[in-house]
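There's a structure below that I have some questions on.
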Amino acid sequence: MKFRTALAALATACALAAPAAAQDLLRIRMNADIRSTDPGVNRDANTDGIAWHIVEGLVALRDDATVAQMLAERVDVSPDGLTYTFPLRAGVRFHNGQALTSADVAFAMQRYMRRETNWRCRADLDSAATRLTAVETPDDRTVVMRLEKPSALFLTILARPDCGQAGIWHRDSLNADGSWRAPIGTGPFRLGEWRRGQFVELTRFADYAALPGEPTGLAGNKTPLVERVRFTIIPDEAASRAALIAGNIDILPDARSRDLPDLRARPGFSVHSAPSMDLQTVLMQTRDPLLQDVRMRRAIALALDVPELVRAVSEGGSRPSRSPIPPGSAFNTPAMLEVPPRDLAQARRLAQEAGYRGQKLRIITTRRYEAFYEIAVVVQDMLKEAGIESELEVLEWATQLDRYSRGDYQMMAFGFSARLDPSLSFEMFTGPKATQPRKAWDNPAVQAMLDQTMAEGDPARRRSLFEAMQARLMEEVPIIALYSSTTHGVTPRHVQGYRSWAVDAPRAWGVRIVR
Amino acid sequence: MSVLEVAALRIAAGMREVVRDLSFTVAEGETLALVGESGSGKSATARAVIGLLPPGLRQSGGRIAFAGQGLSALSPARLRALRGPGMGMVFQEPMTSLNPAQRIGAQMEEGLALHRTLDARSRRQACIAMLERVGITDPERRLQAFPHEFSGGMRQRIMLASVMLLRPRLLIADEPTTALDTLTQAEVLSLMKELAREQGSAILLITHDLGLVARHADRALVMQAGQAVEEGAAAPLLAAPRQPYTQALVAALPRRGPSRALPQAAPLIEARDLSVAYPGRGGWFRRAAPMQAVQGVSLSIHPGEVVALVGGSGSGKTTLGRAMLRLLPASGGSLLFRGQDVTASTGPALLDFRLACQIVFQDPYSSLDPRMRVRDIVAEPLRLPAGMPIPERQRRAEAMLAEVGLGGLGDRYPHALSGGQRQRVAIARALVRNPAFVVADEAVSALDATVRKQVIALLRDQQRKRGFACLFVTHDLGVVEEIADRVVVMQSGRIVEEGPRDQVLDAPAHDYTRALLDASLRLPATA
Amino acid sequence: MMRLRLNLVIGGTLMGAVLALAVLALAWTPYDPTRTNLRRRLRPPSADYWLGTDEFGRDVASRLMAGAVTSLGVAAATVLVALAIGIAIGLASGFLRGWVDRVLGAVNDTLLAFPGILLALGLLAVIGPSRSGIVLALGLAYAPTVARVVRGSVLSIREREFVEASRALGNSEAYTLLRHVLPHTAAPVTVLATSLFGWVILSESALSFLGLGVPPPAATWGNMLASARPFMQEAPLLSIAPGALIAICLLGANLLGDALRDLLDPRDGA
Amino acid sequence: MALYVLKRLLAAIPTLLLVAASVFFLMRLIPGDPALLVLGDAATPEAIADLRASMGLDRTLPVQFALWLSQLLGGDLGFSITSGEAVGPLILDRFGVTAAIVLAAVAIAVLLAVPAGMLAAWKQGSWGDIAAVSLATLLLSIPSFWLGLILLLVFGLKLGWVPVVGYVTFAENPWAALHYILLPIATLALVEIGVLIRMARASTIEVLRLDYIAHARAKGVPESRVLLRHAFPNAFAPTLTLVGLVLGNLLGGIAVIETVFTLPGLGRLLVDAIFARDYPVIQGVMLFIALVYVSVNLAVDLLYPVFDPRVAAE
């Protein structure tokens, strides 16, 4: 303890002696505090965003959501698709100086797979589509994982940020009783100070073993270029922008679209936009007496001027897309980008046929996510022009989420968080309502196609399956996909190397401060 | 030479003059009484003399000179220097005239510190000596006490001590004892006179009480509606008033009425060993011992009889009066009405009892519902027993009002009536149902002398006419003389003496009765 | 006297103006207050849009007028609910005393120790977000205050002799309570109701500001203020206008309350 | 004295229990599931069930309540189900911010408003009096959060004198900390000044009418001393009660101000916890606020006899 205090004093002294080093602090806005430092366990988007600076998994996602190697040298898949062999990269060390071994991987994976750990993705690796049966360590440098049957999703699950990338940490990250203490990972930064409600600070890991080449997604070259990164918690949007302009933060990773014209006009600031992989939608309850008629649902879809709506809500920052597979994905095809034009006359006719007689539809939304609210307001307005009356039910987020998960709604403005695999993009709203009331699209035929995409390894065949599902989606309209939002990062001139990407949370590696 | 000279004083409240052209002088060592009923302007005059007219009143003319010096010419600082050692003032209400937030020692010393060059020790000594002089026991410890730890009489003594400590040349006493009971009143006034004599202070005594003037004043100035009516040496002025108003005032003093011989009959109402206890103030964790206000009292009242219940404050007389109407629950003993035990009766039996009994309260301001018209107030008792149609009730109420001398005022609200008129309304309400038994609880104590005289007359006439029995609760022996057939004296919750009026008043058997009689301020010359 | 009249005139004028605005809004507003126009977002004031447009291109002037209807309506209804509950509780606990008073007192204390926000959220979530929800929630939140005032005045009135006189006449307790006690709570309750009106408008807007009030798109001053917050810099008028109206309304209520207090309680008028 | 305090605190236990029970059951009546909120839109039923079990939410309500109460008796408020932090220290940490602002605001308001109200009463009817009353009424009528927004707009955005966001504790940097809490304090103080001026004025007018003021003047006591020694203590006693009420109300209403100024205080903690259905935090904060409310009232009652000895604390 005394030793640590002395070290801290020394560090402070050094910092004072060398103001140049003190400048080497990168301050990034974060909209809320993180939940924990336990990757993929007690998490949200912010928590994931901190975790990926500290720990790494065997594999990682590239910018286009495809999977690349990370701690694994490469991935060898057996021809039957049941055995995955991961030879580990040499020279990788944990923050405590220990070298990475296959035993570390097995140890971490075993904790993840224990029910009481509450790992977010345990169920994904223990499902009908993907079931991990064994993790073996034939030698120090090799990890072997076995599946019950082939799965197209397995590697993606391991790489997903919300799964904590199945990050590998040293066993000293746990307390003696097995509870989580603090992450000792292999990532480019180590955990510095976490002051709750105020900031999370990371420090550069000097012995980081970077991959060669360019950074992409959470993969590639992740060399840390600044000494310290501080994620400052500023919940308020307007305040964050003010803080950026005042020079209180260096990276605003998620500027509101409506602030962009102003920020672009300011000299010395650059905007970095990247399509995100989330999905903004309008859900319709296909069991509702009125909405169970597909003509009514089509009438609603036709009543919407989707491009106008998207332009208004995203301030022109996003492109309209009626497909759940985001435009940034490698599986998005030109056919999916087609947006059928608005047709008010047809909408009225279909509604009439479906027996619509001026009943008020109830659209649930919340003010927690401004986009949901704005979508609902605009949809209400556009439906009115087609003679379809509706009223908004503005709920508190927890209540809306509850209604969503119980399927207790007529219509709902809703957004799905980023799904990094196209199968998951469909899976998020497809499924049997009897067992999972939250699912919007209950169609056994589509379910069968979906299961097929999950087992199919060939990208081309998967792509054509997705196109077929997209066609069915446009016919049956259980949801109206509107757009994937766009992430706009903003940096002042002295910050170099920052890029936004498909996931909202920022990446601090590869970024330098030049004054 | 005169200490105070007031010449052609005028005091105005807005456009209205409350004092007009008033002149008088107070000589060194003399006691001048300003006598008048409420609204006569006597208190305003006292306040003007010391220069402390309340907001809303202003001196609109005339001259006030203290020891030959005109007060209006003085700077505020000079005026302040005069207050205290020159003029001191004792206020009417002992409950509000001492600062509740300051220890009495500090309040007494304050004047000394301002006006005398004494060190803290001698100031303290002076205070202790003065407290001792006014009869406060253990003065050293009591200096540390707060005003609320004293009774009203004690506070008035402390007030007096604090004022006399500065040896003022003129002491202005504004109704100094009105709020005190008879016994205390006498003690405090004698003390004041003694102190003034010792220190050679003159006194300007403001009072409505002629008995007090007779006993304590050298000269008296009678005021009516802001003007002087008559002035002169106190004793001859009261003995042979020249002006009609003064004559009326003197005539209003109580006089003993003829004694009546009442036919023997069974008691109408009878208290047997009646006790009343107030629950003690307990907390969550303990229950305090109850306070016994009335302890085992037996009292019977016969039909048509007027019984005066007399005692000082805290003697339990009011409590007994209310308990006999079952407005307070008895904690012991029993209550019989026409031979029936009504101690715990409920429902129709209680209603029958209530229908036969009534009460007139002391304070005419709070005993009438201010939101009801006078006629409705008087008609309300006729609701019960049910059955009388409303027009009939209204008619009877009008008739009753006419009978108490308020004919044609039925549409008014209580606040549009004078105190005496209100008490008439209260009497009308009590009598409209022809009760057999009426408790009059200090029913005339709050009224001016002349009005009191009239109200007593009304009450007596009605009693003679309707023949109800009456329990007259009072601390004022003068009233007893006028109306009572029998007198009952209470002290500390018990009856100490009881007998026919003339016997009790002329030959009191108990010390307490004697003390009460001594203290009661009657005109010696006219008694 | 002079102050009293001034309070009455200014307070009456302000409240009257807001009320007139609300009445007018029932019949006519320049535009449909909920009609969005995405091509006219955040316009500055102009001849067409007197106070500009909000983030959905809705006419701010129209929304302010519609907001007056909602805010005043909610406030009036809430005051009535609070009075109904509070007077009942206050009369019961003041007149009956004993254990009734103790139990009601404990409940009252609990409610007073409870931040209104939580009570409101809880009730709103159970009933569903709606005008009636907020009326009930705020009504319950303010009822203890009313109860406390009513109880206090009942306690002082029941000591007055005319209440005892009524009992001495043989009148039943219920008759005494209704005929002689209840009317006397009118003065303090009227004064309180006026202040309450202001407080409720304030609370409703505070709740809306936190996202717990009358649900949008219905316009209330509070939720207009809340939605305007992100555009404080670009369109300050959007924040200033509804806030100023709340302040005007409150000022009116406060001044009227003062005037009423002076009128009904002559002790202070002297 | 100590016994009295103890008794008063014991007497508050039924109230606190009632608060605890009503908060506990009321929150659970509300739709919304903390597990669902943690897991978000991608939650599978199994994952939700697992998480609920680990949060202890799978037991029946009475059992949960009993467990919580027994924890409470041991002085343990439990752990936040969203962040895992111990609720007790979390509340104390956040309360520091809130208490600093509320206390400073009330102190400033009292120091400015009480003398102003007393002088206005002393010169009742003068222009100064009218000005003070008008100002007070005006301040009373301005919604605090709106005032906060306007101040932020003017001093934060237009003039740039103070930072618009963030918070630094005094321990870290007193000077910077002052900058952050200046506007919130000013906002709260301005609103409370309105209330307090009126109260101080009204009670001073009441007191100045009483005989002991006339008595003091009749002794030749100078006006300054009449006001300070005789009027002030008596007029301040009712104001003190109001200060207690104001403190209590501020704690309930502080959430709005903390939202405007994005301060990590108790009010924000409560609102955020409500939105996140973080039951242990909600329960803890509510209980804490009730306790503070009781303590403030107790403190006022203990202080009251200093100004009004008639009301002795037994």
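Going in written order, the chains are labelled A, B, C and D, and every chain counts its residues from 1.
By definition in this document, contacts are C-beta pairs under 8 Å (C-beta built on N, C-alpha and C of every residue); 3 or more make two chains touch, one makes a residue touch a chain.
According to UniProt, the chain labels map to these proteins: A = ABC transporter substrate-binding protein; B = ABC transporter ATP-binding protein.
For clarity, every value in this text was computed on a predicted model and none was experimentally measured.
Ranked by how close its mean Cα position lies to the mean of all protein Cα atoms, the top chain is D. Comparing the chain pairs B-D and C-D, the larger number of C-beta pairs in contact belongs to C-D.
Averaged C-alpha coordinates give centres for chain A and chain B that are 87 Å from one another.
Chain C has its Cα centroid 47 Å from the Cα centroid of chain B. Separation between the centroids of chain C and chain D, computed from CA atoms only, is 22 Å.
Residue positions 121, 125, 229, 232-233 of chain C each touch two or more of the other chains.
Residue positions of chain D with contacts to 2 or more other chains are 30-32, 157. Not a single residue position of chain B touches two or more of the other chains.
Interface residues of chain A, counted against chain D in their complex, comprise 33, 35-36, 42, 44, 115-116, 118, 120, 122-123, 162, 196-198, 232, 234-236, 238-240, 242-243, 246, 248, 368, 396-399, 401-405, 414-417, 419, 428, 435-436, 438. Considering their complex, residues 56, 325, 327, 350-351, 354-355, 357-359, 361-363, 366-369, 371, 380-381, 383-384, 426, 429, 433 of chain B touch chain C.
Put simply, chain A touches chain C in their complex at residues 237-238, 242, 256, 258, 262, 308, 311-312, 367-368, 373-374, 377-378, 380-381, 392-396, 399.
By the touch criterion stated above, chain C contacts chain D in their complex at residues 3, 106-107, 109-110, 112-118, 121-122, 125-126, 198, 202, 205-206, 209-210, 225, 229, 232-233, 236, 239-240, 243, 246-248, 250-251, 253-255, 258, 268. Residues 30-33, 36-48, 50-51, 54, 82-85, 90, 93-94, 156-157, 160, 163-167, 262, 264, 275-277 of chain D are the ones that touch chain A when the two sit in their complex.
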